[in-house]
Amino acid sequence: MSLLHPDRLFPADPGTRTIARSLFETVETLPIVSPHGHTDARWWGENPAFTDAAELFVIPDHYVVRMLVSQGVTFEALGIGAGAETDRRKIWQCFAAHYHLFQGTPSRLWIDHALSEVFGISERLCPANADAVFDAIKAALATPAFHPRALFDRFGIEVIATTDSALDDLAQHQNARASDWQGRVVPTYRPDAVVDPDFEGFRANLDQLGELSGCDIATWQGYLDAHSARRAFFKEMGATATDHGHPTARTADLPQAEAEALYARVLSGDLEKGDAELFRAQMLTELARMSAEDGLVMQLHAGSHRNHNTGVFNAYGRDRGFDIPVQTSFVEALKPLLNAVGMDARFNMLLFTLDETTYARELAPLAGAYPSLKLGPAWWFHDSYEGMRRYREMVTETAGFFNTAGFNDDTRALCSIPARHDVARRVDCAFLAELVVTHRLDEAEAYALAPQLAGGLARAAYNL
Amino acid sequence: MSLLHPDRLFPADPGTRTIARSLFETVETLPIVSPHGHTDARWWGENPAFTDAAELFVIPDHYVVRMLVSQGVTFEALGIGAGAETDRRKIWQCFAAHYHLFQGTPSRLWIDHALSEVFGISERLCPANADAVFDAIKAALATPAFHPRALFDRFGIEVIATTDSALDDLAQHQNARASDWQGRVVPTYRPDAVVDPDFEGFRANLDQLGELSGCDIATWQGYLDAHSARRAFFKEMGATATDHGHPTARTADLPQAEAEALYARVLSGDLEKGDAELFRAQMLTELARMSAEDGLVMQLHAGSHRNHNTGVFNAYGRDRGFDIPVQTSFVEALKPLLNAVGMDARFNMLLFTLDETTYARELAPLAGAYPSLKLGPAWWFHDSYEGMRRYREMVTETAGFFNTAGFNDDTRALCSIPARHDVARRVDCAFLAELVVTHRLDEAEAYALAPQLAGGLARAAYNL
Amino acid sequence: MSLLHPDRLFPADPGTRTIARSLFETVETLPIVSPHGHTDARWWGENPAFTDAAELFVIPDHYVVRMLVSQGVTFEALGIGAGAETDRRKIWQCFAAHYHLFQGTPSRLWIDHALSEVFGISERLCPANADAVFDAIKAALATPAFHPRALFDRFGIEVIATTDSALDDLAQHQNARASDWQGRVVPTYRPDAVVDPDFEGFRANLDQLGELSGCDIATWQGYLDAHSARRAFFKEMGATATDHGHPTARTADLPQAEAEALYARVLSGDLEKGDAELFRAQMLTELARMSAEDGLVMQLHAGSHRNHNTGVFNAYGRDRGFDIPVQTSFVEALKPLLNAVGMDARFNMLLFTLDETTYARELAPLAGAYPSLKLGPAWWFHDSYEGMRRYREMVTETAGFFNTAGFNDDTRALCSIPARHDVARRVDCAFLAELVVTHRLDEAEAYALAPQLAGGLARAAYNL
């Protein structure tokens, strides 16, 4: 018996399910296009073995950690923080003892899928089988077939993008390219550390940016040139996109002199109130102009309140599951940027939100009008069965299918990649089947759209 | 074969579909009540022939234009702007080549319906049949049966309301009345041009208002009297309603002296910060008081950010698809107006929103309490299958059916009128069928409600 | 024939319905756990007879009154206000004549259920049977079997919590305990009247708090001690929770000296702008700290704009259906409180909202991270079929089931208690069945979860 039912995530109505299943059969094994994610470049550059199930599924997965913590498990019991548990088997046992908490969540779908399809486990994880599963995974991971590059190949990945600091030397990408492995891995230019004055070490980061780029970051123009130079380097290394994680979607387009003065204050650290946000806002427009020039697709991820709990941040650091979405608005916020380059045929921008209320109200109307805009898929907490359904239902009628950017898995968990694409393809085929059954779409159209949603739109949106 | 499946938009579940179909059969051919829309009064006054498919379906339809532009088609290729394409056949061919963009959108439902039901086209529009369809439509349009009044009659329209500037002389309505044609066409009083200080030509509009009404708009009282006079004229010409398109739902109820002083500033053009919005807010309350007096039903459409892109507005003007909804709030905003006349049994107000988050949170609770309030149907981007479903699901439990105002098509596209009512009737019957199947409503109740949703509630809400 | 179909509220799809029905059969008759509500403590302390159907179903039910008023029925016709109708039969007839207004609403589900299951009425209420129903109910109410305690027993209530002012002497709870009746009724500490400077009679309430507690409310520490003392008294009387109804979710954690100074201003009545909200905000954190100490579970109900219409409030008072939800935000608002005690293993807080947009965006992410937080069920206007579905669909994927607090009926209408739990159990079983059919949950898991949702989670969340 399998952990996975072949009809999972298909509509309950038998007629609709039949259509969904048929559609899915045509896309199930298509290559995986993964244009946005957070896999570790070292995996591709050095191909190291993973050590155990806790390292693979628990400790680095903020979805998993947050849920366990929310029910009283300590960070330390999960191997995080000073004096934390170091016995990986015990961490795994703790996870298994709490695995019921994930009932009804996407994490459960992903983990069941990975255990079943990657490791051949046929029973749901529970305290009784925790040790056996831990041992089976440990044994598998020691074999070359479970090293990162082998998994990449086995998963049928056509291309994967990493997300990399503007200050990254992309050495692991160099390694991967220089190896005899054929997998296509491309970097993504993520300049938050040198764009956001609130970023830790921002000022030192600027100096490093100057050194790496050979530009004089003491001037506004030099600073912009430094970005251009780094972007050119990333592009040379295969990048087709940039990524920007901002608290809000605010943009600005200041007159030259004001932008220079603002940069001078930012550089000196002598910020006035509002300067940090204004600088981030201005830089989005500057980076958009660079995108129009160099063709890198611009991704904007807005609306997460990072590190909500001060105590958790101080004791355990970033990315521990305490990033909480906030209300986000795009219409006024994006106006300066869109007035500058929104109608420019060379410019391409993808928008992501954690505030679903903006799908139908703001994002679909914007993407359904501006030639430069497309919508990224349902993001983060919404990368889920219900989340994807709501996305399709709220976006499609106003933006259509072709103003969306297909799916991306956005993951740092390697084994979840096929699982996530599997979920997305199933939900999308279910949605198409519902359109067919309600005669909003012909069956032939659905068959043409399914592979677009499964990969074609992502290839097109990211120029891959 | 038909472009239209007889079971379109009905629920997938066979049992529910059967009930929906039976309900729909009882309302399918009921007369169309169209109490709010934007058809051209000249059609009814002069009954001119339409010239071609591009004029009828593409150039003036902002839904169509925006989608094509969002995918890189230029305005010029659609016949809009300086140096635009003038060959209507080429515009139509361009539209046909991109018709797949509309998959999953309401525009596609409307256009398929019109091509099929109005022009007898049996194949979906595509590049291969674009010329033949263009020719067939052109030939049909030249015949009297396709002139506006004939279409009105053929569509089974019981009554249609136009939307008219407060400064309109309603000459076309006079023409229609004076003709031997029996169609009922009524105007709607839309005073934005003389209420909104930000409106183009506002000051000159005021002078014109003074002339038309014979009132002295130099004083606050004279200005209010001018509105009363114009409203009386519109009412005489058949109007039963007024319409107000405001950026926000804010209302105010200033003491007399403050209102006078505000008007003096507005009149002089010497506005203080916030005066424009405050004046619009104050005028909503003044117009509400007039509604209580003269019985005209007050419609408020709030929450669209008009002309989001400056370049598009400068080059191509208004209504080109770049009006984007924004977050809207009603509770504090409407309080002054509702404290003034909200409990007045003579006052009737219909609320429309583009921000669906207000349906369950604000609008249904308000309409479910105030005797003066009813909710207009799902508006603009939400005039769609999913949009109407969400509306019913989020409004009904708190406001019931009888605090809603039925359907209106809100269209400037004549041939889409039957299509839009068809969609609304189908979605409403589907919703009723779901209530029946889940035993939230008796079947007999559903049969009684269906014609109310199809026309009865609109007649009642608009006093038609 | 019954007013109630045995398959009501189950999914339309036959396969899903079968599973939902089977799940429901396992929870249908489980004891009712009612940890939050507004039943009158006098019912339990004195066990008085109810007099008639209008008193039981119409006059005190703000859901009913608001709907009738929204369609033009006067408050007076419903027995409310000066010179109101006093003939209860006429009030009931008026209600019966307008009962169709409730089609599609939860009130209709509740009232049908109560008429059928409590009073054995088999026909839907209408003008023709209004008198007979009135008489039947009157006759029943005169018998001991329909006194409050008997209904409590008959309804299978395991425990019920009332909501009580901090100033309440809990005499009725004393009476109930001292009686030979075995029903478990516990109070809930609701200190709004002595926490909210905008509350009517706030200053006098403080004095009363001082007297009751024997603490010196002239000082900040004395005031806090007074709360502790009252909480201890409530706890002694069986309370396991506190409840806080605030306009917003804002919290604060001021330095000691600032808090003292703020309290001094609040005490003197010499408030600065913003002081009232700041004091409420500060007190939430103080009360949270007390919860961590004494173990009372803290409930926060935020986001209702009370008494929206001034005229209605002046003429007819509070709780007349004119409380309207407003946009609410939790992320920044709760941060001070959560930084203070959010990770404290002793602290438990339940969050309720009227703004559904916060479910997936804010509340599920918060509850899915903080060990102290759980989500209360869909509240007030959302205590309904569609409201509960949206709640489960938007909450579960991020927070799971175990970060929710089960169901509570929140009612002041005794006869609606079984009806409301019946609706919730049906909707939850329908949701579980959908998870099973789409293979997001095993059937065995659904059978284990159903009783948790029906009562287990509530017991656990409220320490009952």
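A, B and C are the chain letters, set down in written order, and residue numbers restart from 1 in every chain.
The rule we apply is simple: a residue touches a chain if its C-beta (ideal position, glycine included) is under 8 Å from a C-beta of that chain, and two chains touch if they have at least 3 such contacts.
These numbers were taken from a predicted model, which means no experiment stands behind them.
Enquirer: Using the contact definition from the top, classify how the chains connect: line, ring, star, complete or other.
Expert: Shape = complete; every chain linked to every other.
Enquirer: Is it true that over half of the residue numbers where subunit B touches subunit C are used by both copies, so same, or is it different?
Expert: Comparing the two copies, subunit B and subunit C contact each other through largely different residue numbers, since under half are shared.
Enquirer: In steps of 5 degrees, what rotation angle do you get fitting subunit A onto subunit B on the CA atoms?
Expert: 120
Enquirer: So how far apart, in whole Å, are subunit B and subunit C when each is placed at the average of its C-alpha atoms?
Expert: Going by mean C-alpha positions, subunit B sits 40 Å from subunit C.
Enquirer: Could you tell me which residues belong to subunit B and also touch two or more other chains?
Expert: Residue numbers touching two or more other chains: 11, 13, 357.
Enquirer: Provide the residue numbers of subunit C that touch subunit B in the complex, in ascending order.
Expert: Where subunit C meets subunit B, its residues are 4-5, 7-14, 66-67, 69-72, 100-106, 108-109, 124, 305, 308-312, 321-322, 324-327, 354-357, 381-382, 384-387.
Enquirer: Which of the residues in subunit C end up touching subunit A in this complex?
Expert: Counting only subunit C, the residues touching subunit A are 11, 13, 15-16, 329, 331-332, 335, 338-339, 342-343, 345, 357, 360-362, 364-371, 373, 393-394, 396-403, 434-435, 437-442, 445, 449.
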